[in-house]
Amino acid sequence: MATELVSGNEACARGAMAAGCNFFGGYPISPSSEVAEALARLLPKNGGVFLQMEDEMGSLGSVLGASLGGAKAMTATSGPGFTLMQEHLGYATLAEIPCVVVDVMRVGPSTGVPTAPSQGDVMQARWGSHGDRAVIVLAPASVQEIYEMTIIAFNLAERLRTPVVLIYDEVLAHMRERVELLVPHQEDLWRRPKPSVPPGPGYRPYLANEEGVAPLPNFGDGYRFHVTGLMHDERGYPTTQAKAVSQLMSRLKNKMEPVTEWILPESYRLEDADLAFVAYGITARVAKEAVDRLRDAGILAGLFRPRLLWPVPVTDFQKLLGHAGIAVVAEMNQGQWVEVVERLAPRSMQVLGQGKLGGEPMTTEELMNVAETLMQKGARVL
Amino acid sequence: MNPGKALLRQDMMPHILCPGCGHGIVMSALVRVLAKRYASLDQVALVAGIGCSSRVVGYIDANTLHTTHGRALSFATGLKLARPELTVIVVTGDGDGLGIGGNHLIHAARRNVDLTCILFNNETYGMTGGQLAPTTVTQAFTTTTPYGNHESAFDATALVTAAGATFVARAQAYRPDLLEGLIEQALDHRGFSFLDVLTDCTEYFSRKNQLGAGSDLLFSQTRSDTEISLDLTEWPRLQEPDGFPVRNLMPMGVLHESNRPTLEEVMELPGYRPKEG
Amino acid sequence: MNDPTQIHANVVVAGVGGQGVVLAGNIIADVCMYYGLDVKKAEVHGMSQRGGAVSSQVRFGVEVHGGLIEKGQLNWIVGFEWAEALRWMPLLSPEGSVFVSTEEIIPPSALKDRVSGMVRYPLELLDHPRVRAFDAPALAKQAGNVKAAGVVLLGALSIDLPFSLDVWNQALTRWVPTKALEINLRAFELGRRWEEKAPVTKPQPVPKPITRQVWLNLEESWCKGCGICVNVCPERIWTLNQKNVVEALSPERCTGCGLCEKLCPDFAIDVLTESTIRVNEEGGSVLWQPN
């Protein structure tokens, strides 16, 4: 174990190496470029391949090709590039190709403010790709967590054979923090499921295992099979049969279910809270400070911090937040995850979205002001 | 008997291509070569994009990857660098490879990754209904050029040669023996090899331009040993007032060959065994 | 017979189209005329591009009345192709002799059928005591061009005739195109020494049977009726039936060229030759096979 002062992007690259990543295909974009720069140094020294592609479609394309060859592969990008990758994210979901995509969020839409933080890609990460798909989106809130969650992202991607998106903002990307670079045990690195039958006639690559995952072999392993972005049957052959299509889509959604049990949210002083902040990423850190300071001022505040934005940790949300009267959803956008909270909140709960635009991070004072104003309007004060 | 027929996924046949489609002839030549060269396709990967051409790979019992529109070469590049010991063949079309995927094509040529790209060039977007392609000749009619194409066509071979491809050739469906030979040469080549194969779209391009169907279409291009003359004004029906465009002579065979280290060699990837020559 | 101005003889040059039979007759006639002889020459040619028979009868003497050689009056046969030489055997005089190339050029008309490749091609008479057969093309190749095989045989003939080498060479110079003259002069010289230079070979008494066989296999359910095979088949074997599916009208005419198979976009046609037959063991329905 080494303790170092590293930036969020550097921690991401180090986490990838610790997870066994051996392929990176990417395209430069602020504020994510340092992930690529770090892996350009690290990968070739450790038997991996670093490739700078011609654009973001190509980046994720090369990652998916490498992954089918058996590589643990990833890319990193930011808003505009993430948009260009959406088609391949959908492809990876349908074709069940493990990969990790890091999106360092910056102010948008369009080129926006390339060097300023935002949390504007939360819905893009969920619904950016066309069609209907289940996704895994992780939101770390510290440099340490970026390191750890990069490893987790690879684990989830491999085990469930699906793309996993890690989103954090420009502040975390460039913030330097003391990080314990824990080297995971080999047994803690999940491997992609492999077929349990030998190759031969009748072999069905997309016949799911008990976790609902297609245990695809790697290309070149002696199993010859077909991978397509068309809806396919268990043989991998294209199909337009409504039954086969709906079964496939259900399976791809259902296999994500255990993720909410594996990646638990952080609950901070929620037990007796009247007012709960709901915040993720960098915003959760100021929310946490606001909780302490509000409590010092006599307001029973708490924090619910989802580490997994998608799929939504519904059970945890209801268990931990159910009794708070007010939920303040703080995020650096015009209100994205607040829609989730509104959907899940009991009728008795008042839900307020607290957005922040313009590229400046949320401050503790802002959140305290919101809380105090709300409580003065009639919430119970200790 | 085409020995490549044994390499087909019999349960997927017959394929979806239209009656008389030149793509089927190119596919036939491709599997014939594969059968000749490889005892097993375990170590052969066929990567395709989207379109009529790209559906071809699904019928071949190899490691087959039907990717997204235009991006086959990026998947192939990642696969080849991750598994340098594999033989990677990219099957693409003119819309796929030169339109939406043109950027990947020139960069793959520039990188000189050791893979083979076969571009099925039928001058149109067949799968979507016969629209204008970057290879459609000037004045030709398509469903999106009802008044004739105002634009000029790409010469794919010149493009990839300029981009740095180390083997560039042109063949056509009409001459399967030449085609087979060039596929073999492309596979023999160490580095990025590119083959522009002229084929025909019977359902759309042919109809819109009154080129006939089946064998008529196949024969509609006059030919010499070294060049295809696409001078279709020889066709009486097409000598009507606005007539069909005169297409330039297109050179056939190996058009460019050079030798420089592959990306795999430069990156010193373990597992990569460069071919001779 | 030793005085070149008093000789009286008949020569036939026989071969197939393209071998220079007519030219060889002209050279012989030219030499005779140098010695003041009367020469009459009769030729059979035409259809020779396809390997048809060509012959040149040359009669010479102090006075020659007719152009055609009668039975038993033929003194020399020069066979550029040995089966063609055999046609003239009945006319050979008891003392006559035959110079013949062992080259076999089987004319299309001798093909019994193109499917099996069996031929009618007589070979028996080559054991005739007066036949001097040797590998003329081999000597011509030594001279520089296999096409000069006829001149090699002329060289062999010239040994039997009383005409001087100089006169032969002059005739060659007049008749042979300048660019090929040097090779032909060498070929003539080699022909004169054929007994020491050429390996004496005799053709096999029985031709090796050619057992080329073709099977046609049609996967009807894969055929989409595009009609490419119908139009590319040189033998016009295929047709489209009422269901717009291809059907073999006359499969026995198939020569196995494979054009339909290679140009079928749908893998519907297999042309099976001996080397690929084992593929058929899978049990595909064989449309036609030879008896």
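Should a chain be cited, it is by its letter among A, B and C, assigned in written order, with residues numbered from 1 in that chain.
Definition applied: a residue touches a chain if its C-beta (ideal position, glycine included) is under 8 Å from a C-beta of that chain, and two chains touch if they have at least 3 such contacts.
On a predicted model such as this, the values are computed, not experimentally measured, just so you know.
This structure's chain pair with the greatest number of C-beta contacts is A-B. Chain nearest the geometric middle of the protein is B, using mean C-alpha positions.
Subunit A and subunit C have Cα centroids separated by 81 Å.
Rounded to a whole number, the gap between the C-alpha centres of subunit A and subunit B is 39 angstrom.
If each chain is reduced to the centroid of its CA atoms, subunit B and subunit C end up 45 Å from each other. Within subunit A, no positions touching two or more other chains are listed. Remark: subunit A residues 22-23, 25, 44, 47, 49, 51, 53-55, 57-59, 61-71, 73, 87-88, 91, 218-222, 224-230, 235, 237-238 touch subunit B in the complex. Taken together, the subunit B residues at the contact with subunit A in this complex read 9, 11-12, 41-43, 45, 47, 50, 57-58, 61-68, 70-71, 73-83, 85-86, 103-104, 107, 267, 269-270. Within the complex, the subunit C residues that touch subunit B are 217, 221-222, 224-228, 230-232, 261-268, 270-273, 276-277, 279-280. Within the complex formed with subunit C, the residues of subunit B that make contact are 1-3, 5-6, 8, 13-15, 17-25, 27-29, 173-174, 176-177, 202, 213-216, 218-219.
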